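Both complexes below contain subunit A, partnered by subunit B and then by subunit C.
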Partner chain A sequence: MDVTPQTHPEHGLRLPIIGFVLSILLTVAALWVTYHSHLNSAGIVTAILCLAVVQIAVQLFLFMHVLESDDVPWHVLLLGLGLILVVAIVAGSIWIMTFHTEAY
Partner chain B sequence: MATLEHSLPQGEAKVRQLPMEYSSDEGRLRIFGFWTFLVTDMILFSCLFATYAVLDKHIALGPRPSAIFDVTGFSVETMILLTSSFTSAVATFAMRRREKSTLVVWMIITMLLGAAFIGLEASEFLKDVHAGATMEASAFLSAFFTLVGTHGLHVSFGIIWMTCVVIQILQRGITPITSRKVFITGLYWHFLDVVWVFLFTVVYLIGGMY
Partner chain C sequence: MLSGIRTFASHFFVLGEPMIYGADVAILLVSFAIVFVLTYFKKWGWLWREWLTTVDHKKIGIMYLIAALLMMFRGGVDALLMRTQLMLPNMHFLRPQHYNEIFTTHGTLMILFVAMPFIFALFNIVVPLQVGARDVAFPYLNAISFWMFFFGAMLLNLSFVIGGSPDAGWSSYPPLAGPEFDKGPGENYYLMSLQISGIGSMATGINFFVTILKMRAPGMTLMRMPLFTWSVFGACVLIIVSFPALTAVLGLLLLDRVAGAHFFTILSGGMPMMFVNLFWIWGHPEVYIVVLPAFGVFSEIVATFSQKRIFGYTSMVASILVITVISYFVWAHHFFTMGAGPGVNSFFAIATMVIAIPTGVKVFNWLFTMYKGRVRITAPMLWTLGFIPNFAIGGATGVLLSVAPSDYQYHNSYFLVAHFHQVLIGGTIYGMISGMYYWWPKIFGFKLTEGPAKLAFWFFNVGFYVTFMPLYVVGLMGMTRRIYTYPSGLGWGPWNLASTIGSYTIGVGFVLICVNILHSVFYGERDTTGDIWNARTLEWSIPSPAPHYNFAVIPTVTHRDEWWAIKEERRSKKEAKQTPLEEIRPIPMPKNSGKPFLFSLCFFLVGFGFTFAWYAFVVVGFAGVITLLIMRSFDYNTETTISVDEIRRSEAAFGRI
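Right, the complex of A and B next:
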């Protein structure tokens, strides 16, 4: 069995460190937007949801090596399907139940 | 072990470049299987998120979200979990360099950070319950404790699981099988961080605006 260290150049510590700094900065930015910015509430919600999406991208690409595979990364397709289901469940529930709240 | 050696791909430069945990068909299949589990777990959390998003203003006679959320408390929890995600990535890096003791040290740091997170969350829950904000006080609190508690259970399970993997690393060293286990626990840990980022944003920041 081949026992020489098998590391790619991109697996250096540079990416995790960049990811860590970014993740802390994004959290601080979300806290600042929520408690110190002068945006209205819709603006705050949009801004911090966008920051959360960037934060997820940092985790997926810099920490989880999401595109890493010996062949076609099939799990990425599966993650795409999962994302569609998640959006359908969350957005669908909010959309349906908004009418329920208004009927109160 | 013999079967693993047998199934090593021969003469494929592309495959040989991949780290050890991908060196057998079984390893690759299990990593794919774990991604599948993560997608199903993501759907489980999305149902709980949907429930929370629908019920977060249904406070009945209980407290408003902003009355029970402690900004410093949940910010510290977030920083701890983000740091543990980073230390878990460093552990995977050490594993790929075949540095056994470095790997074990970073995994133990990750677990300690996870334990600190769970400790803070448990004390937050206890404080809420003592203040009368119990699970049955309102729909908001039911949704809150179920969503945040499910995440906390995942983190607790992750600590136990990682402990088992550390014991195996100490006993067997870094092999194709243990390296796959380290990689998969790492994926799990980063996934919990992803879920927490949404908890932080949706439950604490957006929920706390009411």
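Right, the complex of A and C next:
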């Protein structure tokens, strides 16, 4: 049984370290926006959501190497499906929660 | 001191309820009996080595199956108690509080601790064999999944003797389930047991998703996959995307309850409607999670027992995928009456109606498969045939309910109750029992005797119609769900009496299934060929019961119904193809591990700690979880090898060499 760490040797440690630092920075930024910025609450929510999207990109590209595959890249297809479903869930929930404010 | 203990005990244990005292005694007796038998026959080591530490997908499947049947017994007893209470007007068989607890645990158990483990039992037993793999992609994670489910179920079942059961309905809506209206540990039990078993379900979803995409035998392209595996794939996609919504919403409600947050309390700016919304974002896909595998089972069984290939394979696959995607766009049909407005209701109503189309395609494909086939009426086929009219009625009433304006009339009435029992029992439970009968010889090496099996089916099926057809009627007469009792003079009495008689008939059917299993253990026909039904897919090409390593040599697949194609070839060439001796190689298999069991036990402590807000348990539990995670990450020696000699010996014992 081999006991070598199971990472792809061609990547080295550069990308994970950059990713690690970036994700910490993004988290700290979210905290700072919440506690120390002078945005109103809508602004804070928007800022946190934007930071979250960047965070997802960091995870996908720097840690999970989303564009690489030895095989059929199922994950790209399925991430697409995941994106559609997440958008449906978020947009649908917002729409449902508008309660009679829609025009009809 | 003594009075302190007495006060504590009166809150901790559920007192003053004769039926629960009875349950206490029964639990104690059964526990003593188990401990006694294990000790007397010196089986503790066997239990630990063969079952508690196993990572073998077949054994995990068997444990899921046993758990599902046990939980079905408890959920069924709940159902009979409810039906007894509702048998006649003005009954006082149960107290109102007890009634509330029973309908809550009945719903929760039947969905999460019967339907889920039952489908997982078949996932585990069948999928690796059907795709020609030696185990699932992550066997260790698979064991974690099972034990997380098991301890989640234990936590929920503990509630009715210690602390009190949850009583806010299986959907547990705040504010009723919030800290203000539902004090005490009952709801916490619900939240924690669902969280814990939810982790297990999520892991199973990921595990089988990867298994199906990455572990297929060479040559098995996606469009050569058996339809059961396809349906499991659909269910896994649904699990992966929907369970996080449940985890999130239960987490938020837990924070409301134990940490004084206000996500769902309107006065403090929270939004209880958001709970309903998030709950059904999980809840609707969940019903497709449990019914898709049933569709897969029917596809296998109809093809096998009609001795024809499935009609319209491609359209079957397309329907599965269409159902998978559309089932995410229908969740608001569970709360049309919440008042989201006509735009929202129209959208979700139409999406709901659209889903009837792929489902209809599947039903017609099964019928066309049987058309001009040589149909053999065996026990699995009988349950499949019973399913079709059941699901036709359930589907038709579903379309009625999906019409948003008329749903204002049906909402929360017994019409709805009858509808979802018709599709959940008629779809999922019929499918799972059918699958159990079908794959039983593959798991245990003997067949469940046909005679008693058919008798059980007829009791169950007739009981089913007698129970639920009257409920449609009383629903239309205005009887609402979850009511404790009703006055006489409304004309509901006779219908409810009929329904109660029917439910006891179903109970007899269930007992007959259990008797059938026990009887067949001793007298069932032994399966010596490995292909007792003359079936079509790869799992029937190996001996029964399937050996530990599944396939001595991994097959190379060239056809859709690979095993049928091999048999045709043999018939035409008149030569029996044997396991090629020279191709047997040593097989690496995952080692057993006790960590998944201990890991889940630690989560049980965490759950128990949160339930009673005894945070020492939470700390100890999480410390155990983290310790076991660290220990596992330094575990390099996780594989063992089965030697060629051993494989030859075992294949020879099955007469394959």
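What to note about this one:
In the analysis below, the second predicted complex is superposed on the first by the 87 of 104 C-alpha atoms of A that agree within 3 Å, B and C clash if a C-alpha of one lies under 4 Å from a C-alpha of the other, contacts with A are read in each partner's own complex, and residues count from 1 in each chain.
In this section, contacts are C-beta pairs under 8 Å (C-beta built on N, C-alpha and C of every residue); 3 or more make two chains touch, one makes a residue touch a chain.
Values in this document were obtained by computation on a predicted structure and should not be read as measured data.
Once chain A of one complex is fitted onto chain A of the other, the partner contacts of A:Gly19 are limited to subunit B, with no touch recorded for subunit C.
In the superposed model, A:Ala30 makes contact with subunit B only, not with subunit C. Once the two complexes are laid over each other on the shared chain, residue contacts for A:Gly43 go to neither subunit B nor subunit C.
More residues of subunit A are in touch with B than with the other of subunit B and subunit C. After overlaying the two complexes on the shared chain, residue contacts for A:Phe99 are found with subunit C alone; subunit B is out of touch. Where the contact sets of subunit A with subunit B and with subunit C meet, they give residues 1, 74, 78, 81-82, 85, 89, 92-93, 97. Residues 1, 3, 71, 74, 78, 81-82, 85, 88-89, 92-93, 95-100, 102, 104 of subunit A touch subunit C in their complex. Across the interface of their complex, subunit A is touched by residues 213-214, 237, 241, 245, 271, 273-274, 277-278, 281, 325, 328-329, 331-332, 339-344, 636-639 of subunit C. Residues 5, 8-9, 14-20, 22-23, 28, 32, 35-36, 38-40, 42-43, 46-47, 49-51, 53-54, 57, 71, 75, 78-79, 82-83, 85-86, 88-90, 93, 96-98, 186-187, 190-191, 193-194, 197-198, 200-202, 205-206, 208-209 of subunit B are the ones touching subunit A in the complex.
Listed in rising order, the residues of subunit A touching subunit B in the complex are 1-2, 5-8, 11-13, 16-17, 19-20, 23-24, 27, 30-31, 34-35, 41, 44-45, 48-49, 51-52, 55-56, 59-60, 62-64, 68-70, 74-75, 78-79, 81-82, 85-86, 89-90, 92-94, 97, 101.
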